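Heads up, there are several structures right after this.
Shared between the two complexes below is chain A, which pairs with chain B and chain C, respectively.
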Partner chain A sequence: MSAAPVENLAPELALEARRLHVRHPGVDRDVLRDASLKVRAGEILALVGPNGSGKSTLIRALGRDLETRKGDVLVEGDPLSTYPRRRLARRVARLPQDPQTPEGLTVEALVECGRHPHVGAFGRLGPRDQAIVAEALEAVEIADYRTRPLEMLSGGERRRAWIAMAIAQEPRVLLLDEPTSALDLRHQFELLDLLVRLNRERGTTIVLSIHDLEHAAHVADRVAVLSRGRVYDVGPPERVLNEETLLDVFRVESRITEEEGGLTMRILGPGDPIRNF
Partner chain B sequence: MNALVWQVRSRAELLFEQPMAWTVVTGLALIAAGALATAQGAVDLSLLQLPASILDVDHPFHGVIWDVRLPRVACGALVGLDLALAGALLQTTVRNPLADPGILGVTAGAGVGALMVILFFPGHGEWVPWAGFLGAVSTIAVLLGLAASKDGQTGALRIVLSGVALQALLFALISLMTYVYADRAPAFTAYVVGSLNGLGWTDVQRMIPPTILGGLAVIAYRRTLNLLLLDDSAASGVGVPVVQARLGAAVVAALLTAAAVSAAGLIGFVGLVVPNAIRLVVGPEHGALLPATALGGAALVIFADLIARTALSPLELPVGALLSMVGGPYFLYLLWKKLP
Partner chain C sequence: MSTEATPLPKEFLNWQVALRLFTMTDRNGAPHIGVVPTVTVKRPGAHLGVIQHSIVCGLLPHPRLLESKTNEFRSLYEENIEEGARAVYDVGIQYLLDYYDSSDDFDPGTITSLVPEDCALVDALKAEPKCTLSFNVFATEDPQTIGAPRCQQLDCDVEILSEGPVYDNVWWHNTLFHGMADEHVVLRFKHQRSWDTRFGGIQALRG
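Entry: the complex of A and B
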């Protein structure tokens, strides 16, 4: 593992979805239909797409939170189904969209849960585990709230506590389902900056689903656009997030300009797609 | 003066924010309840006389203390500890504060199993807790099957209702068995309500192996239990086999319940009241919750039994009746507060 950025000669794949068909339990319809995606080791990949396009479903399928009906997910080249639970949890950590916690659970207790894949069902947390927990709390800047119950934190702090739990897993890949939803603007930026920091400092591969396209362009190395259960396009944000795609996939008229800082998007209003694919 | 009071109070508050402080508090409560219950009764001793009466073979009450009071107090402690821990485990297992071995019919299941041995293998008292364990495990299996539901809210209500229905069925079985075999069965009322009357060292001996086994499992398992507090998706995300872990916790709860039932019959509500009360002050983490719950349960049953046998002396009430008088209203309160 080198910290230096790898050029795009033959980037190692962290995750690969091959022709996935996935449906939710009890629903008689595939949400993902023939979705394929390659996630490169060390990148930040943002999944965007309208409601119901399959962003959350893809994130959950990549983390084995949903069964795949057809197709395969490969984790570092090996099929997801061959991974024992704890081994998978040491490779891939995931942050659910709206995780439930019981009243009174403290931040520290939550973050300690992240050590489970390393210590096992009957193991105890050693000094190394304690140090990693402390470091994870520092990394997301909530070490001061260690002993507080989760319900006493603000939405942004709680989100960061869950990310600390994922960090404590020491995963190579972090999957986040709409990590910025229900946060105010400032907290959205802080959270995205935290993810960038994790990616740069620890080399963690990050896959996140996100609604805000400008945020996606700001944070991601590559963007995957999902539409109707398929990956419509994937690539650098400047290429993928164009006016035509926005009209096709999101059905909005827009003006997009590229400046030194990144993309500036102006959404003009609803529009009719040029073609139906 | 005021400043001093404030200082003492804030010190005390700081102390009680240490989760383990409540293990000390409940431990002290257990010692106090144990000492009081050993000293008080038909023959009253002062607490000052207590050490002498226990240690001095020639003390006039030495026999009473050793043959009657101490085994009864020990039984009360084990019964309370077992039921309180079983309640805490079940609440985590089904993620529902209303869970209790009594309400869910697990004690009744253990009661049927235990009765089978009492009635049909009268010479094998040592089998009683294990037969009770089989009865309790079967009940939990049926219960979890009945209540399996994807939806958390209906799940909470469903499991309680399923438990109530199962309990009615099992009570009918117990009443049939005690009626048909009235010559050798324990009295129905005392058995179903639960009491510590007439228990001795044999009963203590019988309860110890399953209690130790269950206790060790709880100690080994306490961190994984914390993971079951997360929702299923998050727990499996950190590598917990959620279904197996829940079943494991339920089996341990069944074992502890059976140990208590084998001696005291179907005492209810200890598993509901104690863990919920302790959780209020120490929070849901099992490392702090379980020791305080175990000691608190032991103290509660010993203390309740002391009142049961002295309040209307010479009449000895069954301790279970007294506990239900506290537990029933508490259950109603939880129903009202925790269910939508």
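Entry: the complex of A and C
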């Protein structure tokens, strides 16, 4: 008897962007220009870069929310374009920076939406789905608010509710566009810890765009630095986030020291780049 | 109408090669002011009847080397882009340290530049494919290496290229440092005559 095929064996690469050129509808220039990026299965990859460098565009292109003009996105080795919607939704979940919340929708109803790619034609949630929704609410510590409308929650709580929805979706890859924006410091740390927990306990591959470089260094296994629509460098934070990178890409002088708790960055002021990009 | 270029003064071409090598050794690729001439083109209706733009200009490899150099630029890019734009930039600088060796390796009568196809300069050159390039360097960081201050004017005929071997060479050279530039054209400045304009004097230079 031959062994059954192992369907869920995680591939080495969860996502791959190959030579992507992307522009927004109605705009006649590329926001991403020949951007290549490999996302390893099981890692947390942070996208950093100045405003307008292409972070959000890359997140959207990886989640098939934007058409690519040239190049390919591969999900577990297969072209993104070949994935039917429901199958893609079981692989990849994307949370935009500021998701629109339908008025009156309760936390529980939102999180149940995460099960839609998994349920049958009539959309009824079975006992397993209900259990997964309950578990997702617990995971982000928002179960007590399950019956509340989303608009009654604080910004941090609402963000956690959306992440619970993504957890309920059981994706292998979670794409998050600036998940810590508009959160106070404590909620930023709590959210990042939640993402690390998701990654370590469930093996979810996470790609997030983030402005705070120290947070990126703290949370990510690797960092991709974007500059003017191109990937400037990719690698472990302690290699990539250095004083040259901050000069070339962010145009600031800095002092970066590596300490036990991670990288500490002191921004000294504007500076001239080393490389004339 | 396509015209032939006359050779640039050898001294000028040597100066340009030295400046570009200096740019690689001492400026990590940041253009020296000596490679950023002002282009002046007739433009009826414009103030004083001309428009002026600053451009970063380049030298074109000698025709015998053109294709091989284009292929080398392209290979450097293709082999390194997955490492990121910074890696491409750094190998580009390393490559150009040997590239700017002798003025004999460059086209004797051509200066080039890559510019957006929809800019006012291109519009003016489409109407009047002639211009002057003014190089004005009033201070020099390293006289031993890059020579004395120098001001020169080149009168040129201009071709606007959107394909072909010259376009490909300039485009791939630029791509090493600035990424793929869509919707750009290459200006090929064909030298006709030169003037030494330092201290207000205008003196014809001989090749």
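The rule is simple: the second predicted complex is superposed on the first by the 264 of 277 C-alpha atoms of A that agree within 3 Å, B and C clash if a C-alpha of one lies under 4 Å from a C-alpha of the other, contacts with A are read in each partner's own complex, and residues count from 1 in each chain.
Convention: a residue touches a chain if its C-beta (ideal position, glycine included) is under 8 Å from a C-beta of that chain, and two chains touch if they have at least 3 such contacts.
Not measured: the values here are computed from a predicted model.
When the two complexes are overlaid on chain A, chain B and chain C sit side by side with no clash. Residue by residue along chain A, chain B and chain C are tallied for touches, and B comes out ahead. Within the superposed three-chain model, A:172 lies out of touch with both chain B and chain C [touch as defined at top]. By the touch criterion defined above, A:116 lies against chain B but remains apart from chain C after alignment on the C-alpha atoms of chain A. Legend: residue contacts after superposition of the two complexes on their common chain; A:104 is shown touching chain B, with no touch to chain C.
By the touch criterion stated above, A:160 is placed in contact with neither chain B nor chain C. In the superposition on chain A, A:29 makes contact with chain C only, not with chain B.
When the two structures are aligned on the shared chain, A:233 is found in touch with chain C, with no touch to chain B.
When both complexes are overlaid on chain A, the residue A:40 reaches neither chain B nor chain C. Superposition on the common chain A brings chain B within a closest Cα-Cα distance of 27 Å of chain C.
Residues of chain A touching chain B in their complex: 25-26, 63, 65, 85-90, 93-94, 96, 99-106, 109-110, 112-114, 116-117, 119, 121-125, 147, 149, 165, 169. On chain B, the positions that touch chain A within their shared complex are 17, 95, 150, 220-221, 223-224, 226-227, 229-231, 233-234, 236-241, 245, 279, 283-285. Chain C contributes residues 27-31, 81-87, 89-90, 177-180, 182-183 to its touches with chain A in the complex. Put simply, chain A touches chain C in their complex at residues 19, 21, 28-30, 33-34, 36, 38, 225, 227-234, 245, 248, 274-277.
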